[in-house]
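A, B and C are the chain letters, set down in written order, and residue numbers restart from 1 in every chain.
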Amino acid sequence: MSEERSPAGAVASLEVKSTWTRRHVLDLDDFSRAEIEAVMETAGAMTEVLGREVPRVPALRGRTIVTLFYEASTRTRASFELAAKALGADVINIAASGSSVQKGESLYDTVRTLQAVGAQMLVMRHASSGAPYLVARHVEMNVINGGDGWHAHPTQGLLDIYTMRSHLGDLRGRRVVIVGDIAHSRVARSNIWGLTNLGADVVVCAPPTLLPFGMRPDGAPAEPLALPRVTVETDLDRAVEGADVVMALRLQLERMTAGLLPSLREYARLYQVNEERLARARPGALVMHPGPMNEGVEISPAVARSLQSTIEEQVTNGVAVRMAVLYLLARGKA
Amino acid sequence: MSEERSPAGAVASLEVKSTWTRRHVLDLDDFSRAEIEAVMETAGAMTEVLGREVPRVPALRGRTIVTLFYEASTRTRASFELAAKALGADVINIAASGSSVQKGESLYDTVRTLQAVGAQMLVMRHASSGAPYLVARHVEMNVINGGDGWHAHPTQGLLDIYTMRSHLGDLRGRRVVIVGDIAHSRVARSNIWGLTNLGADVVVCAPPTLLPFGMRPDGAPAEPLALPRVTVETDLDRAVEGADVVMALRLQLERMTAGLLPSLREYARLYQVNEERLARARPGALVMHPGPMNEGVEISPAVARSLQSTIEEQVTNGVAVRMAVLYLLARGKA
Amino acid sequence: MSEERSPAGAVASLEVKSTWTRRHVLDLDDFSRAEIEAVMETAGAMTEVLGREVPRVPALRGRTIVTLFYEASTRTRASFELAAKALGADVINIAASGSSVQKGESLYDTVRTLQAVGAQMLVMRHASSGAPYLVARHVEMNVINGGDGWHAHPTQGLLDIYTMRSHLGDLRGRRVVIVGDIAHSRVARSNIWGLTNLGADVVVCAPPTLLPFGMRPDGAPAEPLALPRVTVETDLDRAVEGADVVMALRLQLERMTAGLLPSLREYARLYQVNEERLARARPGALVMHPGPMNEGVEISPAVARSLQSTIEEQVTNGVAVRMAVLYLLARGKA
């Protein structure tokens, strides 16, 4: 079996350059461009690590990372777990079901307990927007938001940006279309913050009922999403025109029963990313999706599996990006 | 603490002889005799590893193995998890409950995601017969069927064979009786394929309602179980006559409510493996059961805990056999 | 990254002194004072390990520890899991939901299977008092009771004692008040056994309906809790007078619906540990709680977060104490 290389290789060489001081990753709204760059660069080194015969470095050996998921997840939890293990950390998984969380233990109590047990880092997903902020105020652990309600999913934003940059390089002036249920999407929000920070032009596209109030055609000038580089478009054909990236969001099928959409068929007819529409984008435009997909609803199967699709690449990059985030937070703390 | 020995010991010495090329272990129906022998021999080396002071070898260090279980399991999941850890692999457990599988994510999406996350091997259990075949067609990962519906459970078959051979040596001409709910048993199917391949004579014994259609006394000549070396018997006393092995299957209690059986008491009277019946077998005949048992239904407590019982030995051997399968698949891939 | 020190350091130096022969930790009722001292001393060494840059020792490398929890838990399961990993052991977690335990597999079958799979140690929690005793009689594994019904929770008792001693030194003659639902509390029972053994004076305080029958004011002389050093008090103000330690127990809210209490408000008025009551204890008296807390019910928020509170310290000490227990059991077995 091949020997693992010392972290003094690709990973440790970053230590000189980076000046990371952030303690938590809660959203991208307060990330500086330099911080995003630090994640990108470190993720590049982690991609190199993951390509090795034995894709492991002991950079976080002896650290304990807890994943605390109040909502079900396959990809995000597995991605963080693998990222942590690839860095040599120990991982303790806690799902809300099957833990004493069911007994009505408060979030505060739970996280203070996990800290007292010896966890240095907490990756959490919660149905309530803002929950990780509340937690971060009361713990010494590094807190990483793995998705909070409709609010934010910063590592998803970072892995999407990493994926775009690996294909397109500098994102300044790039046209990124995000289509779907913007109103209820933490993925859209985190992407918007990160992408506009890097100079991309973001077009959000949705039926008016799935836009945040402030973005609706008849709405008032809006906060927090009415950013300089964000435009709103309710016609997907127009939105896609000249796009460098088209990112489709998962349509939660319960939006239908809530009366926000007339029918799946109608939604697919007007907002599905399919081959015909994609032809209006730049040649070779990237097709992205945070998963899991409803193929045939927000995205056609042909487009989802086309050469332009980066959907599985996003998942793969997610591990490198999460390794980078864990690594930078651990270093910053020391 | 004692130092772990390099895999260049017992395990690595196999590398010269074996010519393993199989990428997936889905059932035993297409296993060659040489492949079964390769598993047996490798499992022997793994048994030696498991007997060490520190029963670990780093043969799969840096590999990620996912267990994806859509049906509940204690022994099979724990057995694979321990086998993987004993080989130095990292294990990520995903249970259908508590994962986004609940959200209606497709099996295809789930396994492609797990692959994209970086898993090299997938151990899966699914209620639908054939599900692992579907998966194997769409992934680069090595897929191991940990049980699919009524269809197959190949590592159970291999560990049963390993257990029989450790007591009986060559299985040619040995009489192996499998008694119970043959119709709905993946364990029976995988054992039948493996055992007949090795030249054993298999007798399946069940009430007609629990036999596959093609095996019923009034049925047509049947596929796939009407193999040359398989005979059907509805009388357990006759079946056990001269047996070298008597394997009782778990009776799923829901068969009763489905009207396939008059009563548990009636079933036990006619099909329980008990001391009286076992006396008709060869002296020292092995008593096997894949677990979990309904003691007092398909097997009497006295027989289950007798010296002839290999029931716990089967569980122990399961770890060595699964280590062997993981090891051979990992090597074949490199 | 810093190198981990050999276990021949702080931990191994204990090997000379200790004469541990116990195979299971089921309750503290049969612990000798010397055994409690051995846990305390070993836990002290483990606290030192946990303070290192890389808080890991390979003392249990190659050992497999199973946590089998039939009741939900965050802190206890995570604490044992981290303790085991800090000692280099592999951990397999089994929750009753999501395992074949749901299928009606017997406890006997389950634990025999886990043993056959290769587990050397079993940490179990079960709703039935006495379940771990039953298990211990039928396995070679070391069994650790992680809580059985209302009966016992010995590692909680040990970590509470460890926490008291780290502040108070020798516990002889110390006044320890345990207030709350004594009748249904495994924490109270294990603490009473351990504390009285070490010479502490224990005062249990509860409304009569939450006292065990034998302790009720109108009750008969009682077993097993009518120990020489235990007194019963139904008035908290009197109980707290001169106390060195005040331990509040979690009030299970279902006691209300069972008619054992008039109302939460009434309970809090009479039995809440608050600042006013705490003023009657010795200056600097410790406030303890096994968690999770109902703040505002059995304990006031101000007291829970005061400098006198050791509640998070208890959790932290729990890891060291569980490391000690795992370590001593593993050594005793060799």
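To be clear about the criterion, contacts are C-beta pairs under 8 Å (C-beta built on N, C-alpha and C of every residue); 3 or more make two chains touch, one makes a residue touch a chain.
From a predicted model like this one, the values you see are computed outputs, not experimental measurements.
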*Hey, what angle do you get rotating chain A onto chain B on C-alpha, to the nearest 5 degrees?*
120
*Taking all residue numbers at the chain A/chain C interface, are over half used by both copies (same) or under half (different)?*
different
*For chain A and chain C, what's the span in angstrom between their mean Cα positions?*
40
*Would you pick out the residues of chain A that each touch at least 2 other chains?*
97-98
*Quick one: in the complex, what on chain B touches chain C?*
1, 4, 50, 52-56, 72-75, 77-79, 81-82, 85-86, 95, 97-98, 253, 291-293, 295, 312-316, 318-319
*What residues of chain B sit close enough to touch chain A in their complex?*
7, 58-59, 61-62, 64, 66, 90, 92, 94, 97-106, 109-110, 112-119
